[in-house]
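Pasting a structure here, questions to come.
Residue numbering begins at 1 within each chain, and the chains themselves are lettered A, B, C, D and E in the order written.
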Amino acid sequence: MISSSFDAIIPMLCVALAGLVVLLAESFRGRDEKMPLGGLAIIGLIGAGAASILLWNRNATSFGVVTADNFSLFVNLVLVAVGILTVIFSSQTLDRDKIPAGEYYAIMLFAIVGMMLMGQATDLLVIFLALETMSIAVYVLTGIRREQQQSTEAAFKYFLLGAFASSFFLYGVAFLYGVTGSTNLDRIGSVIAAQSMSGNPMILLGVGLLIVGFSFKVAAVPFHMWSPDAYEGAPAVVTGFMSTGVKAAAVAAFVRVFLSSLEPMIAEWAPVLWVIAAATMILGTVVGVAQTSLKRMLAYSSIAHGGYLLAGLVAGNDVGKAAILFYLAAYALTNLGAFGVIALLGTRERANDDLRDYAGLFKSHPALAVLMTFFLLSLGGFPPTAGFIAKWYVFSAAIGSGYYGLAIIGVLSSVVSVFFYLRIVVMMFMTDRDARPVPAPITTMAYAGLVLSLIGVLYLGVLPTAVIDFAQASISTIF
Amino acid sequence: MLALIPLLPFAGFLVNATMGRRLPKAVTGGLASAVMVLSFLLAAMQVWSLAAMPPESRQINQTLFTWITAGDFSLDLALRLDALSAVMILVITGIGSLIHIYSTSYMHEESDEAFARFFSYLNLFCFFMLMLVLGSNVLVMFVGWEGVGLCSYLLIGFYYEKKSASDAAKKAFIVNRIGDFAFILGSLLLVVTFNTLDFTTIALAAKELPVEVTFGTLSLITLLLFIGATGKSAQIPLYVWLPDAMEGPTPVSALIHAATMVTAGVYMIGRNAVLFEHAPITLQIVAVVGAATALMAGTIGLVQNDIKRVLAYSTVSQLGYMFLAMGMGAFGAGIFHLMTHAFFKACLFLGSGAVIHALHGEQDIRKMGGLKKHIPITYWTFVIASVAIAGVPGLAGFFSKDEILFETFLHGHQILWGVGVLTSLLTATYMFRLVHLTFHGEPRFAGAHGAADSHHAPAAHAAHARDRHHAEEHADPVHPTTHAPVHLHDAPAPMAFALIVLAIGSVLAGYVGVPHALGGHNNLGAWLEPAFQATNCGQPVTTGELAGIAIADCLPGEEAVGAEDHTSLELSLMAVSSLVAFAGIGLATFLWLKRKDIPAQMATQFSGVHKLLLNKYYVDEVYDATIVQPIKVVSQEGLWRGFDVKVVDGAVNGAGYFVSGVSIVLRLLQNGSVKTYAASIFAGAVAILAFYLWR
Amino acid sequence: MGSDALLFYLFAGAAVVGALLVVTQRNPVYSVLALIGSFFGLSGLYVLLEAPFVAVVQIIIYAGAIMVLFLFTVMLLNVPREDAAEWDQAHPLYRPMAVRIGGVLALLLALELGWALSRTAGLGGDVAGDHPAVSSVAELGRVLFTDYMFAFEVTSILIIVSMVGAVILAKKRED
Amino acid sequence: MSIGHYLVLSGVLFSIGAAGVFLRKNLITLLLSVEIMLNAVNLAFVAFGRQLGTVDGQIITFFVMTVAAAEAAVGLALVIGLFRHRESLNPEAFTSLKW
Amino acid sequence: MNGLPLLSIAILLPIIGSVVLLLVSNRDGSKNGLVRNLTLAISLVTFAATLMLWAGFDASAGAPAFQFVERHAWIPAFGIEYYVGIDGLSLMLLVLTGFLTPLALLSGWDSVEKNVKEFSIFMLLLEASMIGVFSALDVFLFYIFWDFVLIPMYFLIGIWGYDQRIYAAVKFILYTMAGSVLMLVAIIGLSWLHQSMTGEYSFDLLKLYEMNIPEGTQYWMFLAFTIAFIIKVPLFPFHTWLPDAHVQAPTPGSVILAGVMLKMGGYGLIRFAFPLFPEAALYFAPLLATLSVIAIVYGALVAMVQPDMKKLVAYSSVSHMGFVVLGIAAFNMQGLQGASYQMLAHGVSTGGLFCIVGMLSDRRHTRQISEFGGLKTVMPRLTAVMLVLTLSSIGLPGMNGFIGEFLIMLGAFKWDPRFVVVAALGVILSAVYMLWMFQRVFYGTITNSHNEDLRDLSFREWAIIGPLAAAAIGMGVVPNVFLKPMEPAIQRLVDRVQAHQPLVVLREPAPSPQAPKPTGPQDLRIAEVAR
């Protein structure tokens, strides 16, 4: 029983091993001895990616609680991409910010393990554990620059609210367990489907509390308030990492739970998520308008993007599921690119993430400015970038289920968001003042990472067919 | 072949416009005049071949190409020569060439560039004017119609550095546009009604329609067209641009604002005679407007002091006559007067031009007088023309004017007839006031007495040349002028030639239309008659269902004007009007030659009336106050600064401000306190549960 | 009412009172101790629920380990009382709404939960309804290391992360 | 005793814990409040497990305790870090990130 | 000729060109000349390509509706294709685009000094996307081009514009985008509708034509499309982005903006809004017409009092494009032919006007009318050309402006004379504001000493303005050259819409709330008698 059923966990196993190796290497590392820790991490991630690809269509399960269906494998690949890009960008910023590389990479890898597990777990308890693993790791990453009060403060806020929210989540799990007698998604689903329990208050309590827990991780209004602070306080790279990875994992679990075992109750939870999604899109964009710190601005923007993702979830149809997957990929590449640029422009002393710091960037760093512009346009949903196709896909799903209102709110809010994305462009191109203080010269490695994500963004924008088909194949197998 | 008539001047325009400024004046002027003369000869040949045709099928058509096609609407760029347009092209090319010749010497003081520009404009004008009269459908005519407007705009504003000139030019164009507004609507209605714009086809179709006793579509069409005509032909209420148009060089005033362009409206009515005949109501309006204009302009002309303005008002008044005729349905008479008027009014203008030329830009008749002995040729031609316009028997004006008055009386409009007679009295009076003040009496022009300072001459000369450009339109009388008593040279050869020819014309032109009462045969009337009824014998009928009508029309026009049994009446009327003419002349002689104190006394006695007339009934001021200024102010303050910026754009920006305002408020919720954040999570949870439990 | 009911209310009271003390004490040390008290109440309830092993674990691990960690921290930082008073003086105008709202919300939540339960059928019967209690440690172990093995393994990663994390977060700055 | 009693009790405890997050002005007490909430959940699990007659409820509580321990460790580390920055444990003292 | 994919070539050439330019390193501006010439060459080749399209286009009645069609599957999962093809209407607009772009580049030859390379890249991208807009037959593809157009124009205004450029650029992109996104929703809705009707997703315009959409859906979808388009046009209440954008944009930007981009709105109305939702279009036409006549008069009046030449021309565009919408609202042959023609004419004349204003502001660095005066003395040639363009903008018969306006008024008159009565006021007012500006700028004596030694047209400027002036006259003399190719296309559109149109509407338009006072003749029975 054991032997055969390891397959499903191989991806996360690779990552976990990489994490352990990095940790050991760090512990055996002599003082200021250079070690290619980032390389190790990337190797592990690539292994995970390869494993995910090999597992394609195998639909393997392990221990009855972990599945490797295409859906989760797609998410895995996204996470692998997130991880690799993060490592690449980190390689430059770690030394600059005096961050202990070994622990950093190890914890990041473990976080990815948690994320992957969130996508693959089919048991509420495991999901909870995965969520905690991911969260705690990310708390640590957020506060890793402990000499900075902001960093620690952000980490603590994130941590406290996270613990608070996850206890709600856990309470929800408890109620579902109490009613259905199990934490296994399939069992819960079958029980709910068997005797229609949609009226049962305890089930409703459970569903409601689960919504709270997931929405918190997705940073959906009104459970979003941690994210601007956490994003601003964390190192830019980490912000990029959590704004993409955490969201991806949380959404994956969200989709799996609500569209598989809680599918029968869609009539119960769709209205709630409709409101949450709408509120998220609106607030994320509207409040973003007033921001002057880029990290904070993008924090709000990522709140808004969480709203778009939820719109796909509300739609609840196959298009929606595929759209969410596509959106995750597009958003991950774009946002990581953007945060990569921010990270590269920072210095040890200050993050240089204020709008004014970007004045005349086109003069001082034309390449960065151009790259940043592409990412911003993609975030704003302009063709021919990934952002446009992704938005179209999600709204198409929403409209397909008749949620015209949601789609209209979405497109209008995206117009508002364009305003603040363009503010950055204005600063970079249209105001003539050199960005200062000047950051350290940017390594080719970092450029490679940025170009990589740019290529991804444009590929998803111009030739999305392959990925769209891929996404559709991913959702076809499981739900 | 036909197309060459307009195209020749156009070629002249092209040459002069492109390379004119590099050519010597002789070449440019010569070329311009040459093309005009050529096209005159061509026109003559064409008319000759036209005359060779049987009267009812006198039409020469030439379709150049299909101009516009849109669905079932298709329009050719086609020319048509018939009896009516024949008269017009002769007048245009003939008088046009004369005026070109005249100008070669009149404009000689201009710079090469300006000289070339002048002649290129003049050629262009002739081109458009010919298009106007030759166009076989409304739109081609409209092309010419607007084109001549454009040229008049350019030529009025020829001295563009002069504010008054460019103002006048703009005014002319815009006032004309107001007419065009109606004209376009009229032609649109024509298309919708007849589904074509070809004059003949329309006429044939219109024939079949009942004469509208009540105000119907035809009345509306014709009324709209007529409004267009009032703009072009300076009738009430749109005549205001013509007096100002005198800012242009005098030959321009002669050609455009006396002989040809301003008569386009009359021609247009003649062109659509059938339509108008079917719309008696419109005809009434035309007649009344014409008469009113004639009278009003006459009264104004009585007191004006600018030689050219007097002539301008006289032009307006004479145009009123023509419209009166048209309104009577006496289209022949109208065109007849148009032709004669072209001769003597052109002559008068050119004469005045000669005077101004002699006086180096002086236009105020109060500063003239006694010029008779200085410039005899000008004097005699001027007098002949004045006699002609005054309507003294035997000269051109007499015949045409009489025919109009007779027709008016005949159609039982005694009042209008009275107005006409009164107007002719005024005409005679102000014309001879002009003659006397200009040529007779003691010289009042600058330096007439101060023979001493002759050595100022060259300087003064130079000064005058400039003066014409920069002088205000009313040179201030009290201003001490330093003009030297240079020998006032009479019109140079080219000018003299033109003057003399025109003078002869204004004597003889009348004899083409000697009424039957005087044993004549009114040849012109007979010649024109077929043009005023729809005959399509000349051209293959395009629209099939009209073919039947076509055959029926190839008989001689049955209702010929001037029936024999009215001979006595006609004779008596002639007597009246000739008496009136002599009376007018006498009155003028008495007042402005013998008893010069009386006018002054009258001016003071009826100062109110005098001022009113002097200021042209304050029409310009009224328009300005009631229309121009309000529109300006409303647009400036109301629409733009008020509505557009504050309301419309305010709403747009307001949306932006609203969003950012909300944003600023909302971000304050993010107050940094972890408890607040927890509270929002908690509240969210509670709300969701509440939703589930209370549902 | 039966003896177990008496015990239930006894332990429940202990738990609730302990909890209340935790959130009302100004001195964190007392709070920790009160919480430990509350845990004892809870473990009593676990016993009533025939889950002795959980009860023991609750005492040993929770009260014994985790709470000690708390106490240790409190001692380390040596802040006997929360410094709210002087902080409030420093910021006289700053009174987060959250504090007041929080209480109300908590009350609402309790009401909602209660109401939901009151509307749920089939909660009236005795806990130990028809099912026999499963309380043998052997059984626990078996299930834990078969059905829950993977979860158990996951916790190992969780613990590594928290260990490493705690270390780098709490380590003294070298600069 | 009926399952209802236990659930009500756990609800009460949960609410108290939640309220604690707001009432106290001490980071450590905030953490303690979260612990209370987790324990409330534990109680619910065990009670449910008892009712269902399975060991799952009890086993889940072990995992929850593990999580609680992990959270406590990290949380306390963060508290220490914060305390190092500003000699204070008052959550209101750490509002440098806002708006 | 139909062998090689001319259309894709026309779209791709500028894109490839911009990529090539990207490789030219021009940090210090040393290679500006090379970049400029290269760009010009590319745009000229593109123009040649459009001309070849024209040459190869079969305008005969029997010819296929859309020619040079290319379709390749793009996102088959949703039936999205790369599907381009042109009919006469598109063809003419393509030619206009190809014609204006090189001229626009020339007009910025000297005035654009900084970042020439980037400028050229954006210009080329702009051209490519505009060509794409006019030739896309897949609605999704159309939207992509439509949306992408905003970006280069945004940069053109924002980087190379005048002092208020950022405000103008942001306003431009947000305003127009806010309009477009609703169209996106409607487009998606359409595809789902098609899916629910036929079981397959499709954005194929021609297939969407064939759906008969339930009335209720039609109404809001029509509005969603139309709002996007009339913002672009721009129609009266949605016009305020235009003056800012125009005034702040650099001359080439203004030329393209006025010359081509505004046409995208009219094109969209003709190609998408009306034929896709005929009943709704029919229902809203009077409202559109009312707005358009308001725009005609309002724009003219506001233009009249502008102190800034560019603003004046901008508002005049509002007025002229009002005519276009009026013709579209009438949606009969004359109206549509007129509207299409007016779009071309306006592109030429207004583009030319912006060029000239640009030349003046290049010389004097101001566009205030009050700063000028008496320029005719120092620059007679420029004055002459300006006069030509002014007249064509006034709509003098024999010039391009007249043909369009006349046909539009004719079409509208057949539909509902009341609108024409108001619209014709524009004929007067256009003369007023244009001539007034002309007088104040060129006539009179030179009052401002700065104007005394302004040089007349340079050769380059001749190269810009000569073709425009020639086109302005030529289009007026031989309009059929341009009208004929469009006729079959427009005939088809009219048939499609009129098929849904009860005949009474030709006589009595659906009463719209704020229709202008009925002064037109109501009894046209004679019309039948005469025919």
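We adopt the following convention: a residue touches a chain if its C-beta (ideal position, glycine included) is under 8 Å from a C-beta of that chain, and two chains touch if they have at least 3 such contacts.
These numbers were taken from a predicted model, which means no experiment stands behind them.
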> If you check the contacts of chain B and chain C, which chains show up for both?
Replying inline: A, D
> By count of C-beta pairs in contact, what is the leading chain pair?
Replying inline: C-D
> With chain centres set to the mean of the C-alpha atoms, which chain is at the far end from chain B?
Replying inline: C
> CA centre of chain A versus CA centre of chain B: separation in Å?
Replying inline: 79
> Counting in whole Å, what is the centre-to-centre distance of chain A and chain E, each centre being its mean C-alpha position?
Replying inline: 43
> Centre to centre, by mean C-alpha position, how many angstrom separate chain A and chain C?
Replying inline: 31
> When the centre of a chain is set as the mean of its C-alpha atoms, what distance in Å lies between chain B and chain D?
Replying inline: 98
> Residue numbers in chain A touching 2 or more other chains?
Replying inline: 125, 129, 132, 136, 139-140, 143, 146, 152, 155-157, 160, 164, 201, 204-205, 228-229, 290, 419
> Residue numbers in chain E touching 2 or more other chains?
Replying inline: 174
> Residues of chain B touching 2+ other chains?
Replying inline: 656, 667, 670-676, 678-679, 682-683, 685, 689, 693
>> Show me, using the given definition of touch, all chain pairs that touch one another.
In response: A-B, A-C, A-D, A-E, B-C, B-D, B-E, C-D
> Contact residues on chain B for chain A in the complex?
Replying inline: 656, 659-660, 662-664, 666-667, 669-670, 672, 674, 676-678, 680-685, 688-689, 691-693
>> Show me the residue ranges of chain C that touch chain D in the complex, using the header's touch definition.
In response: 4-5, 8, 12, 15-16, 19-20, 22-26, 28, 31-32, 35, 38-39, 42, 45-46, 48-51, 53-54, 57-58, 61-62, 65-66, 69-70, 73-74, 76-77, 79, 82-84, 87, 91, 94, 96, 98-99, 101-103, 105-107, 109-110, 113-114, 117, 123-134, 139-140, 143-144, 148, 151, 155, 158-159, 161-163, 165-167, 169-170, 173
> Where on chain E does chain A make contact in their complex?
Replying inline: 73-78, 140, 143-145, 147-148, 150-151, 154-155, 158-159, 165-166, 169-170, 173-174, 177-178, 181-182, 184-185, 188-189, 191-192
>> Touching residues of chain A toward chain C in the complex: what are they?
In response: 9, 16, 23, 62-66, 98, 100, 103, 106-107, 110-111, 113-114, 117, 123, 125-126, 129-130, 132-133, 136-137, 139-140, 143-144, 146-147, 152, 155, 200-202, 204-205
> In their complex, what parts of chain A are in touch with chain E?
Replying inline: 377, 382-384, 388, 392, 395-396, 399-400, 404, 407-408, 411-412, 414-415, 418-419, 422, 425-426, 429-431, 464-465, 468-469, 472
